[in-house]
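Letters A, B, C, D and E mark the chains in the order given here, with residues in each chain numbered from 1 onward.
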């Protein structure tokens, strides 16, 4: 037996290599105290290089390492979104209790590892890379959720996410196994070929149930109802920088593989799964939006809103067209901007108010700190899909794609969902602008009673930082994201081109 | 012969699996899982996966289970209280699970896949399931997956340190500050 | 032995694992049940691998073993962290986050 | 040219953020005046028989087939004029009073003007929808931030008899209602473009879609998606549920332009989009729409004469007036449609001073509740006369341009069926009742304790008199508007008339 | 040239109104009054000049249409800002401006101490302007414009003392009823346009006979709609209720609007549209019958009520009823003739009444008035002249005009004989109620106010009370002010009354059967196309009619004398005996109540229903319902989000199972 080393295109692999190298350096840095404080810089440098490599590979369109990965428009665009989200999280985490308690470098290593998983996932074209990428994404996230070790909610969210997530992974694995059995292949293209070659495999029960289980696994990752239940809990419980990262980057990467697996590997079965996905999308839209209505925790509300938004995005896959993918990627990009703006403000506000993300803590902010209020306002308007924000264009794009493919009822569902969503997004805006600055209700952000005994009795929360709204690394992401949400609402074409770059990558497989 | 081996293995694996779910004491559950894995390794062998059977026993039943035992010992083998805050889950859950089992079984048995009714092809490549063959595949076709898995282990290690490691400030009983 | 048998066995193991997740309250045991579910997936993969005469599945299973190990490590890490934090090791008691 | 009209207000609003606080208001006034100047410039160069003019067509989102396409014709020009005219008194009125957070306030007011102008000038369906949605955002802030809770226990000004209203819930109601319609309209607009393209090149150009035509089956549902948006915006019975609360909570200058201009966008949308684009559906649903319109007239009038809150009287009178306008449009008759256009302008011109007068009344009596009011004319004859003229125009007394509008609408309705016109004319009588009642109960009867009959100040007079002057001038020459818009109105209803035959 | 004069007729009052209105701060009160008077006098002169111009034309082309500019023009419905000058409109112009001039002069003195002097004259001028628009307007739209502006001016003047609740209520009532009438005209105009393609008088009257056949439903509908307008404006049944309440306005207003000019607009309308009414005889009959009913009912009410101004107001209703009968049965020139003479004597009566009322310190109840013969001899004389003319005493103007109408009905015969009989009864009642006033307030011992006047030479200052409700009035605005010393001393008042007195006495002489027929001849070009134009009773028949009239009138006066002077106890006995009848009459035949029951209450109830029930339950309820549904869905979702990990797993499994089953079914 001879060893046939696979051909490796290092240029195409460069983003992953850069990220891996950075990861190793960051892990090593954990050992040396002197280097530790450069951790965020190191991480940002890593992400910058990774982003540079991704942009360098902008026009790449090739299979890497015996078909395990594929770098193309879809991978590049969605990886970029994940990288941006990670970079923002690094900034938001500076001085965050979670980062401090976990150890700065360790925390960053986990984040980078998760990001690496996302980049791999975005490029995966084989079930093995798919699965391992997904786990590489998830496992550090489980840990990250629990990194605010002093907060009960943080650990709770970590455990919940881990257990429910593992159930999802197991389900996904089972589904992958069934598809492997039905198609006899692990490469996405080979699966498609295998399913089409076998007689009747396109409507075989084995295939279809496998598809269903895979869909469940992926729906879980992008928080589609009824597999959404971890989302609000974890969003609320996890340290906010982690939530911000999770809300955005996970969706980007998971949707990348969702698109690729369903449109490439399962593309021939599009007629079989589209109704199921449409139903899931509609259910998510309803569940997410109504669930968010009466929430008092901003993060939890954003969690529910994330479910609804995932429903909107899933609609892009339902169409199984390039336009749908374009719309999805566009929406996702806009979603990055809106969520970053929102979470950045939440982070700042949390540090100012003793880690409460209750909506009532926002009251009167518009008058006192307009620089904080505006990003959140624009974020809420954008999430609600009001012009002149990218959110509006995103909805427009999705609806156009849906109607173009005769999914008008789903488009109407999006419209209805958006109406319901006004009920909670605007509550935030109202709190910001339309209420007198007020006594925050429910100030028991940390239940001091349940603190570990060794630090019980400490008076003020050591992480409280009244001047958080003057820290550039917290304010800048908010303002830039707000500017992006507005800019792409007024001049959307660059973002449309960006999104279409992703869609074009699939031109071989979908109309 | 094969049938007997299968049924022994299957009954053993299943029984151990039930035990994992049923026994009250976490220690016994861990032990039951070890037994389950041993039987499962046997079934792996029947499926011509020698390397994996070995890996399962060595890595899993050996190393990982030790970890379990340690943790179970550390946190104490707490028996679950009889009282259940939501007993309906105890009923609904298994019913649904059984339904799922039926559904998957129907999917498998009802499949038109021609190879299903057979024990698998005889003309498997030589060295099927041997470490050598698997290693070749891993280094050739699935290099990325392999490397990613190794990184995953690294990350998991970091995560374990983060979550379970005792921190300096804990020992000093001091609240953490910047750059801790 | 026909391949269906292995598959049905794997489905049974999967369901058993799922039941465990749904009825057990000790997180450590739940982690064990997750192992069961993953090993069920592994068994299915191996069965199909055997059926197809294709060793991709075997490599996949190896990856799955790694993944399972990693999940266990992180899960146990969380359990330890919770124990240190004096949180109840009972998933029914851990429901601060809800609504 | 049209772009500069649209964006000038916003630019000045942004400039207002930069200048010192005390200048903000005057920057805003300047912006509104310059916008008016620009629009007068357009009017001066406007050719009534020239169809679509001053066309701007730039590709905006080529990836989605959306163009930044503007144009002005006989219908839109007068609504643009109305907008640019109406905003000036609202801004001036506020400028003469101190406002909290002035920079933001004027930015929002001017952004509202920008988006409203955009809706009137957009010739691309999606651009129209976008501006239509955009309009509501600044008004959401205006109502929410500068409005106040009404009718609470210690609020004497806000008509406790009508129950309590909180700003937050009122504005939320408003925006949810409005967006229910406009989101469906977004779906409808996209569907119209996609279906009419029929696989060809996708474009949202209204003219192209009209030229391509839509199949009848699709028209039927798209029609309702659009109609929902427009009817809510107007508001028309029974979709006016948002109106009472938000009218009561809103700050009056913003409410004045909101009621005067934004409600017209709905009616304009029928004329610009629905009738030409969905002629078969319009014909099919003519009766339904007429029933809704007539119901609005009757219901609005009935509510207007039972309400005791001045804002609600005006609000429900708007419901009735917009009912007339809708009825005129759906008569598919050139007199009816022309009357509707005339009435849009007239009603807008009347409502702005009316709401500002309400504000002045509230300054004098400390209340907006009709019941305990009266006698304000005592020492304020000029004020009373201005209000009298406004009231008379509201009730469309013959000799006002409103009368010509209403008469043409009735005439148009008569062509559909005598019964429509006769029932609608009940609304005319009721209008006389509620408008006069409003005037009498405020200005006439004995002056109660605590009210201050104070003559209108010169500054306020400077705000109101020009508006009233325009109303009077139009009363003498409604033909000014009719002449300019006749051709455009005819072409708007030409297709549906063809179908209706 | 004629047209120019006609335009100037319109211009002067408008200018006067605007000048006074805008100059209220700078103009001294006297000057404002003078401007007001001169504006109307100027209009009157221009009217005469226009008349001269018109008379210069040959009789067949004695009409001029003139347009200033296109007012509105869409889809063939062209409306010009135009006037139409023909003998009829000039006749009306002269009557309106002439009587108005006198009333302005009267008001100049009468309103002297009122603080709203400017406002009053501005309104008054505006009213004259509106009335002139009404009569001069060259198409139906201008007619409607004038029509409505008159209504508006009437509203403004009725609630001139706007601090009185009763005055504002009365104003509102008048306005709303007038608007109802306006709507009748709207619909008529629309129908006319629909059938004839134009709203211009010239075209319409020319084309109508070609388009319509007699009594075709459309023309009947048109005429009935016109009649709605006419009835409302002229206070005919069932739109009559506003007129009596309109007496809340100052007395000159009652005199001007509610006697001499505005309320006659309905008569003018029918005369103007006679070519349409002749195509729809049914509608014309309706007009006549309604006129008859009104004149009789109003007569009974006038006999019963005790408020001085209201008696005269009901008498106005009644006399307009005569005019309606007149123009309804085709006696156009007779109708117009009566319109003119009525303007004279009714204005006179109101002026005299105003004089007395001011002497009574705003008291209007004739039960409390007595003995003014000595206190106010001039006024008493004028009152008697007015009453004589009103009751058609031989030789007075009313005798000639009223009896010409009565006679024409008899001449038409058939069912019109019934009208003839009715009108004679009405004439009797007229004599009764007019002399009831005279015999109640002039003779006898002077009441305290009259006595005071006699002794001090100026009127008493009573408590300023609202005559309707007895509430104390706000003296700051309105009448009577502290400095109010007029009775009949004021020169302006005396002058105006004298002129009118003379006209009331001799005004009838312009049209004496067999002698001269000035009015008929003058109006002939207008009514030329009428089938009745050349039908009139012979001179002999006419004189017989006049004799009957004279008899009835003298009988009536004698009866009244008997009743109130000889046997003053009888009226009380009658009242006791026929309590129900009296109550019916005093309560105006329950007209207010009927309208209230049939229209006002249902409308208000509908409003209340909308407000309290529909809005609350249907609109708000639906909104709240949808919101509640959404919220409860949210609550359900949140309930499911129990925080229980195991629950999450179960739900997830449920989802997995659902999808698996879906696909299993699909795979079959």
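We adopt the following convention: contacts are C-beta pairs under 8 Å (C-beta built on N, C-alpha and C of every residue); 3 or more make two chains touch, one makes a residue touch a chain.
Treat the numbers as computed from the prediction; the structure is a model and nothing was measured.
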item: Set of chains whose contacts include both subunit E and subunit C; value: A, B
item: Count of contact steps on the shortest path from subunit C to subunit D; value: 2
item: Reference subunit B; chain at largest CA-centroid distance; value: E
item: Most centrally placed chain, judged by C-alpha centres; value: D
item: Highest C-beta pair count, chain pair; value: B-C
item: Longest centre-to-centre distance from subunit C, chain (CA-based); value: E
item: Gap in Å, rounded to a whole number, between the CA centres of subunit B and subunit A; value: 28
item: Where subunit B and subunit C are represented by their mean Cα positions, the distance between them in whole Å; value: 5
item: Intercentroid distance (Cα basis), subunit E paired with subunit B, Å; value: 101
item: Length of the line joining the C-alpha centres of subunit A and subunit C, rounded to whole Å; value: 25
item: Contacts with two or more other chains, residues of subunit A listed in rising order; value: 128, 131-132, 135, 139, 142-143, 146, 149, 158-160, 163, 167, 171, 174, 178, 181, 204-205, 207-209, 232-233, 423
item: Sequence positions of subunit D contacting 2 or more other chains; value: none
item: Multi-partner residues of subunit B (each touching 2 or more other chains); value: 85-86, 89, 93, 96-97, 100, 103-104, 106-108, 110, 133, 141-142, 145, 149, 152, 155-156, 159, 162-163
item: Every chain pair in contact, whichever chains are involved; value: A-B, A-C, A-D, A-E, B-C, B-E, C-E, D-E
item: Touching residues (chain side subunit B, partner subunit C) in the complex; value: 2-3, 6, 10, 13-14, 17-18, 20-21, 26, 29-30, 33, 36-37, 40, 43-44, 46-49, 51-52, 55-56, 59-60, 63-64, 67-68, 71-72, 74-75, 78, 80-81, 84-86, 89-90, 93-94, 96-98, 100-101, 104-105, 108-109, 115-121, 123-125, 128-129, 133-134, 137-138, 141-142, 145-146, 149, 152-153, 155-157, 159-160, 162-164
item: Parts of subunit C lying in touch with subunit E, wherever the complex brings them together; value: 18, 21-23, 25, 30, 91-92, 94-99
item: Contact set on subunit E toward subunit A in their complex; value: 630-631, 633-638, 640-641, 643, 645, 647-649, 651-652, 654-656, 659-660, 662-664, 666-668
item: Of all residues in subunit B, those that touch subunit A in their complex; value: 103-104, 106-108, 110-113, 127, 132-133, 136, 139-145, 148-149, 151-152, 154-156, 158-159, 161-163, 167, 170, 173-180
item: List of subunit D residues in touch with subunit A within their complex; value: 60-64, 101, 126, 130-131, 133-134, 136-137, 140-141, 144-145, 167-168, 171-172, 175-176, 179-180, 183-184, 186-187, 190-191, 194, 202
